[in-house]
Amino acid sequence: MSFLNANTYYIAAFGLIFIGLYIVMAKKNLVKVVIGLSFVDSGINLLLISIGYIKGGTAPIFSRPGISPLKMVDPIPQALVLTAIVIGVAVLALALSLVVKLYQQYGTLDIRKIRGLKW
Amino acid sequence: MSLEMLLVIAFGGAFLTYLLGKLSPVLRDILAVLLTLVILAIVALFYGRTGESSFMNFLGFNLSLRINTLSWLFAIAVATLGSLSTIFSLSYMKGKERLDFYYLMMLIVNASMLGIVFSGDLISFYVFWEIMSWGTFLLISYNRGPALAAGLKYIVMSIVGSTAYLLGMFSLYASYSTFNIADIASRISTASPGYLLSVLVLFSITFGIKNALVPLHTWLPDAHSEAPSPFSAVLSGILIKMGTYGFVISMYVLVGIKALSHLGHGILSFHFMLAILAAVTILVPTFIALMQDDAKRVLAWSSIAQVGYIILGIAIGTSLGFAGGMFHFLNHASFKALLFMAIGAVEYRTGTRDLNSLGGIIKKMPFTFMMTLIGALGLIGFPLTNGFVSKWLIYKTLILGKDPFLAFVALFGTWGTILYAYKILHNIFMGQLPEEYKGVEEAPFSMKFPMVILSIIIILFGILPGIPLKVINVIGVSLGFKSLAVNIWGIASDTGALNTINIFSAILVSWIVVWLIFKAAPTSLRVEQDNNYAAGSYVPTGRYLYTANFYAPVYRIIKPYVIDVVDIFYMALAGAVRTLCDWTRRMYTGELGSYVMYIMLFLAVLITMRLGFNIW
Amino acid sequence: MVNPVLLIAVPLGLAFSLPIFGLISKRLEKYLPVIAMLFNLSLSVYLVPRVLTHPIIVYIGGWAPPFGIDLFVGPVGIFFSVIIALVGLLVSIYAMDYIKEGDTGKYHVLFLLLLTGAQGVVLTGDIFNLFVFYEILCISSYALVGYLRDRDGLESAIKYLVQGSIGTGLVLTGIAFIYGLYGTLNMADIARQINSIKPAANFITLALIITGLGVEAAIFPMNAWLPDAHSSAPSSISAILSGIAIEIGVYAIARVIFTIFGATDILSFVALVGIITLLVGEMSALKQNNIKRMLAYSSTGQIGLIVFAFAIATSYGIEAGLFQILNHSLSKALLFLAAGYMIYRTGSMEISSFEGMGKRMPLTSLGFTIGAFSLIGLPPFAGFASKFLIVKAALTKGGGLYTCLIALALVATVIEGAYFFRVVQVLYFRGSNENVTRQEAPVVALVPFFVLAVLIIAIGIYPGPVMHVLNSATSEFVHRIAYIQGVLR
Amino acid sequence: MVAIILVIIMLIAAVVAAVLKDLLGAVIVAALVSLITAILFYLLQAPDVAMAEASIGAALETVIFVIAIRKTERFEDK
Amino acid sequence: MRKIIALIFLAILLWGITKPVSRIPFGTNKIKVAEHYITKDITETGAANVVTSVVVLYRGFDTLGEVTILFIAAIGLASILYLPRKKVSDEVLEESSLILRTGCRFLFPLILLFGAYIFVHGHLTPGGGFQGGAIIASGFALIFLSCRERVVSTVKLGVVESLAGMTFVAVGLIGLATGGYFLLSFLPKGTLNMLFSAGIIPVIYVAIGFKVGSELAGIIGNLMERTQ
C-alpha cells in the first residue's frame, strides 16, 4: 500500500501509456488507434509532471507576495507539457482528418482491410 | 607527353566525340578513328619508358600512374585493337541507332583499359576497372533482346569481382597503409603465407571473373555473342586480358616470384592449383565450343579455352612458361579479334551467324575467307603463325616441368580447337551457297583494313617471334625470371631450340614435294555440285547440307559430359536468392498493428539484452 | 557577423507569411520556398569557413546554457544545413512545376516547414528543442505524404503517422527520464553528467530514445512505414523524405549516442542492426516492380549502410558515414526526382512501363542513370568515394565482426547493383526502338537534375573540399569533451 | 487518497474506452480520462497545464473526435 | 495471439521502465536549472508566473516550434481535406432549436472575452496563450456545432494565424536586431504583477492566443465543412 501511495502518479502515467500502446498494437479500428495515441500522450504528460513534483510544493506562481521560491514545484516539466499537449492535439487533428478521408476511400475503418500497400 | 595527358586525351576525346556526334555523324566517325590512332601513336612512342608520377589526391591518397615494359605491352595491345575495332565499326555500325553513345562507350572502355594498365596504385586501378566494367555493361546491353540478360549477368558477376577486389585491396591497406603497388611490393616479403594466400585468392576471384577462368566464366559466352561484333573483338581480344594483367600484377609484381613459391608446396601450392583450374578451363570449354551452332558463341567459348592456355603458362611460373603465356595473350588478342571481325563481316553482309544456315560464302567473300583461314590457323597453332610459337612454349614448359597431365590436357585442347576451327571455316565458307546469299558482296574496305593488319601481325609474329619475345623477356627479367635466350627467329631452351627458319624451310620443302606429287598424278575432273546421277528423278536445287552435323558421333560421345554445370549452379543460386528476397519483403504485411509491434520488438530486444543477459 | 539563427527564423517567417502572399497572388507562393532555401544555402555556405575553426554557439533569448536554449552551429550542423538547403532548394525548384494538384499553397508551406524542422534538428543544442523540431519535421511529412489524397497516399500517411507518433512518444518518455535523472535538458549539460551507460537507468533511457528516433531514421525493424510513405508521396516529397528526413533521424541518433551518452559500448550491436537493415532493404528491393517502392527499399538499405558506418565509430567510420549521407542525399534526390517525371509522363509506376525512356526523356534518364551508378558506388561518381571510405573504415577497424559485416554489406551492394542495372537496361535498351516522340521534362525540372548530376560527378572526382568539412565534423562527434566545454564555458 | 481513487477511476475508464464497441461511447470515456488527468495535474500543482489539458484535451479533442465519428461510423465492427 | 504478444512486449517494457523510475523517487525533484528559474525569475523576467516565463522566455524557441506544429496541423488538415471544386457543403442538418441558438449566441462573446482574459494575463495568473486560444476555439466550436453558422470564414482565420505567426517571428527578429539575441526580451520588465510588465511575454502570448484560437477553430471548421 505504501508503494501504491508513493507511486500513484507513476502508476497512473504508465498505466495510461501501456493501455494506449496496447490499443495501438491490438485494436483494429482506426479511431480506436487514435484514441490509444491520445492516451499515450496523456500518460507521458502525466509522467513529466509527476517527475517535476515536489512533496508539499506550491504552484510556481508568485501570485501573492511571500511565497517561498524553495517550496515551488519544478516549472520546466510544466512548460514542456504545455508544448506536448499542443503537439498531441495537432497530431490528433491530422490523424482524424486522415481517418475521415480514408473512410471515404475505403468505406471501412478496419486496419486489417486497409492494406493496399504491402510487400 | 606524359601519361596523364594520354588519359586526358583518351577520356576527353571520348566525350568530345559524343558531343560532335550531335553535330555531324561524319565528323564524329573521323574524330573517333583519329583519336584512337593518336593514342596508338603516343603509346608506341612510350616504348622503353619507365617511371611513376602522382597525378591527383583522392581522399588523402596519392593516385599515381606508372609505366614500365609490362604495362607498355598491354597498352600497345589495347591501343592497337582499339583503333582497329573503331575502324571496323565505321561500316559495321552504320545506320544503327544511338551511335554517339556507342562510340562514347567504346572510347571510354578503351581509355579505361589504358588507365588500368598504367595505374600505379590499387585505387586508380580499381577506379578504371569499374569504369571499364560499367562501360562494358552498357555496350553489351546495346543490342537489346537477349543481350539484356547477358549484360545483367556480366555486371552482377563483375560487381562480385570488384567486391572481392575491394576486400583484398583494403586488407593490404590495413597491413601496409599504402595503396601504391610498388610500395606494397617492397614491403610484402615479410608477410605470412596464409595472409598472402587470402589476398591472392580474393584477387584471383576478381581477375578470374574478368578473365573467365572456370568456374567463374559463365558471363562470357552470353556477353561475347550478344555484343556488337567490333566490341566482341575488343572484349575477347583485350578486355578479358585485363584479368590476365591483374593476375600478373597480383602474382608477380605485388607478391613477387619469391614469396609466391612459398605458398604451399607440391600439388597444393597456389600456382599449381591455378594451373589445374587453367587446365580445366582449356578442356571443358573447348568441347562446349565444338557443340555450338552460333559462330560467335563458338568463338566465345574458344576464348575461354584460349585464356586457359594463357593462365596455364603464367601460373606455372617458369620463365619459359611466363613467356609462353604472355606471348599467347598477344596472339590470342590478334587472332581472336581477327576471327570476331571476320564473323562480323559475314554477319554484316548476310545478316546471320548461324552455322547451320550459312555456307559457300567463299565464292562471294574470298578475302574474308582468307582472313578467317589465317585466324583459324593461328588459333589452332599452325606453324608459321604466332599461335604455334606460343603454344610451343607452353608445351615445352609443361614437359620440362614434368607435368604430363597438364601437357596432355593442353594437347587435347588443341585437338578440340582444330575441330571447331574447321567447323567454323567449313560451315560458313565451304559447301553450297544457299539461294538467299547469292547477292552477298565482299566486306567493305573499313572492315578489310583492320583484318589485314591483324593477319599481318599473325604471320609476322609467327615468322619472327623474336620481336615480341624480346619485349616479353625484358618484362620477365624485371619480374625476377631467368633471362631467356631469345633471337629474332625464335628461342632456345634446355632441351632444344625453336627456330622458325628451320620450320619455314621444312614447310617450304614439303609444300614443294606435295605440289610435285599432285602435278605428277593425273588431273582430276571438276564437276558441278548438282551434276550427279539421280536416276532420272528430280534433282533438288536446295542445299545438300551434309556438313551441318558432321561431328555427330563426337557429339554423341561428349554431350553427356560437357554440360556447363557451373552456369546451371549459378542460375539456381540466383533463383534461390530471388526467392529469398521475395520472401523477405513479405515481412511488410501492410498491417498497422504489426508495424507498431516491430517497433516495440526492437525496444523489447534492447531491454532484454541489457536486463536479461547483461550484455552491456 | 550574421547570426545563424536566421537559418531557422527566416524560413519560418516566410512560411508563416506564405498564406498571406497567397492571398495577394497565387503565383507568388511557389517562389517563396526557393527564396528561403536560396537564403539558407548562401548563409550556410558563408558560415562554413568560420564554423570549421570555431563552432558558433547562439544563445536564444540571451540566456546562457543550460538555462536557455542554444544553437550549436558546429561543423556537423553546418554540413547538414548545407545539404538541407541545397537539396531543399533543388527540390523546391523542381516542385514549382511538378506540383499542380491540390491546394498548392499549402504544399509549399508544409514543404518549407519540413525543411525548417530539419534545419532546427541539426542545429539545436537542447534535447527537448530537438524533439520539437523533430516533431515539426515529422508532422509536416505526415501531411505531405497524404497530400495527393489518393488511396495509397492516405493509407501510408495514417500508417506513418501512427508509427511516427509512437516513436516520438518513446523519445519524449526518454527525455522525461533524462530530465528526471539529470535535471537539465541541455545536451552538453546532460553529457557532462553521464559518463557511461552501465547503470540500467541510463541504458533504458538510451534505448527508448534510440528506438523512438529509429522510427524516423528507418532502422530495421522500425522501417515499415518507409516503403509505403516514400512510394505514395508526391515524388518531390519522396526525394526530400529520402534525401533529408531519414538522414536527420540518423543524425539525431548519432548525436544521442556519441555526444549525449558517449555510448560506445552498444555500437557493435548498432553495426549489426545496420547491416541487417541494409540486407533487408536491398533484398526487398530486388524483386520490386514499382519503381518508387524499389527506391524506397533502397533508401532503407542505404540507411543501414550509413548506420553501420557510424557504428564503426573510428574517425574513419564517422567520416565515411557522413560522406555516405551526402552521397545518398544527392543521389536519391536525383533518382526520385527523375523517376517523378517519368511516372508523370507514363502514368504508371511499373518499371516495365519505362521502356524506351532513354529516347523519350534522354536527360531525365541520364540523370536517373547517374544517380543509380552513384548509389551502387561506381567510380567516378560520389558513391564510390563513400563506399571506399566505408570499406576502408571497416577493415582498418579490424576484428572479425567488422570484416564479416563489411563482406555482407558488399554482398548487399551486389544485390543493389542487380536491380539498379535492370532499371537502367529498361530505360535504354528494352522495348521497341521505333521513333518515340521526345517528351523531355520541363526546364525547371532539368535544372535540379543538372546540378545534382554535376555535383555527384564533381564530388566523386574531387572529394577533397568535402573531406575538409567532414574531418572537422567527425572530430565534433569524436571529441565529446570538447563539445561539452564549448557549450558550457 | 483522492489521487488514488481518481487514478483507479481513470485507469478503469481507459480500459473501458479500449473495450467499448461503441466508438462514440469510447470517445466520451476518453474525455473523462482527459478530465481526470487535468484534475491530477491540478493536484500536482500545475494549474497552467491543468487548464490546457481541460480545454484542449478534454474539450477540443473530444469535439474533433465526435466530428470524425459522425463523418465515419459509430460502431467498431460493422 | 496478437494480444498475447502485445502483452509480452508491454511486460518487458514495464520491466525496463522500472529501472529509471526507481532512480527518480516521486516528489523529491529539484535540480539546478529549475532552481535557477524559480529564484532568478522575478529579477530576470519580471513575470509572476514562472511557467509562463519558462515557456515564453527561457524556452521561447520551443514555443515557437510548438506554434509551428499547430500551424502545420492546421495547414496539413486543410490540404488533406481540400476539395477541388468549391464544394463546401452547407450540410443539411436539422436546424438547431431556438433556445440553443440564442444561448450560444449569448455565450459566444463571453467565451471569447474569457479566452482573451486568459491569454492577456498569462504572465500573472495560470493560463496563457495556449489555454486562452483553446478557450476561444471552443467558443467557435460551440458556434459550429450548435448554431451551425459560420461566424468567420476559414480564409479570415488563416490571415489571423499568419499574422500572429509573423508577429512572433518579428518579435524574435526585433530582439535579434536590438540586442543581438533572437527572442530577446527587449521590452522593459516593468513592475511585478502589473498587466504591462514582464517584457515581451504579453505581446507573444497575445500573438499565440490569436494563433492557437484561430488554428483550432480553423481545424474544427474544416473538419465540419470540408468533408461530405
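The first chain written gets the first letter, and so on, giving A, B, C, D and E; residue counts start at 1 in each chain.
The rule is simple: contacts are C-beta pairs under 8 Å (C-beta built on N, C-alpha and C of every residue); 3 or more make two chains touch, one makes a residue touch a chain.
Computed from a predicted structure; not experimentally measured.
Enquirer: Count the smallest number of chain-to-chain hops linking chain D with chain E, moving only between touching chains.
Expert: Minimum number of steps from chain D to chain E: 1.
Enquirer: Touching chain A and chain C alike: which chains?
Expert: Where chain A and chain C share a partner, that partner set is B, E.
Enquirer: Using CA atom means as chain centres, which chain is nearest the centre of all the protein shown?
Expert: Of the chains present, the most centrally placed is C.
Enquirer: I'd like to verify one number: the distance from the centre of chain C to the centre of chain E, where each centre is the average of its C-alpha atoms, in whole angstrom.
Expert: 30
Enquirer: State, to the nearest whole Å, the distance from the C-alpha centre of chain B to the C-alpha centre of chain D.
Expert: The mean C-alpha positions of chain B and chain D differ by 76 Å.
Enquirer: With centres defined as the mean C-alpha position, give me the chain B-chain C separation in Å.
Expert: Comparing mean C-alpha positions, chain C is 43 Å from chain B.
Enquirer: Roughly how far is chain C from chain D, going centre to centre by Cα mean, in whole Å?
Expert: Each chain's C-alpha centroid was found; their separation is 37 Å.
Enquirer: For chain B, what residues touch not just one other chain but two or more?
Expert: 585, 588, 590, 592-593, 596-597, 600-601, 603, 607, 610-611
Enquirer: Could you check chain D for residues that touch two or more other chains and list them?
Expert: Within chain D, the residues that touch at least two other chains are 46-49, 52, 56, 60, 64, 67-68, 71.
Enquirer: Quick check on chain E: which residues sit in contact with 2+ other chains?
Expert: 2, 6, 9-10, 13, 16-17, 19, 21, 24, 29-31, 33-34, 37, 49, 51, 58-59, 62, 65-66, 69, 72-73, 76-77, 80, 126, 128, 130, 216, 219, 223, 227
Enquirer: Where do chains touch, given as pairs?
Expert: Inter-chain contacts occur between A-B, A-C, A-D, A-E, B-C, B-E, C-E, D-E.
Enquirer: What does chain A use to touch chain B in their complex?
Expert: 21, 24-28, 33, 111-112, 114-119
Enquirer: Quick one: which bits of chain E touch chain C in the complex? Just the residue numbers, please.
Expert: 16-17, 19-24, 29-34, 36-37, 57-62, 64-66, 68-69, 71-73, 75-80, 82, 84, 155, 158-159, 161-163, 165-166, 168-170, 172-173, 175-176, 179-185
Enquirer: For chain A, which residues are in contact with chain C within the complex?
Expert: 17, 21, 24, 30, 33-34, 37, 40-41, 44, 47-48, 51-52, 76-77, 80, 83-84, 87, 90-91, 94-95, 98-99, 101-102, 105-106, 114, 116-117, 119
Enquirer: Taking the complex as given, what residues does chain B use to touch chain A?
Expert: Spelled out, the residues of chain B in touch with chain A are 585-586, 588-593, 596-597, 600.
Enquirer: Quick one: in the complex, what on chain D touches chain E?
Expert: 46-52, 55-56, 59-60, 63-64, 67-68, 71
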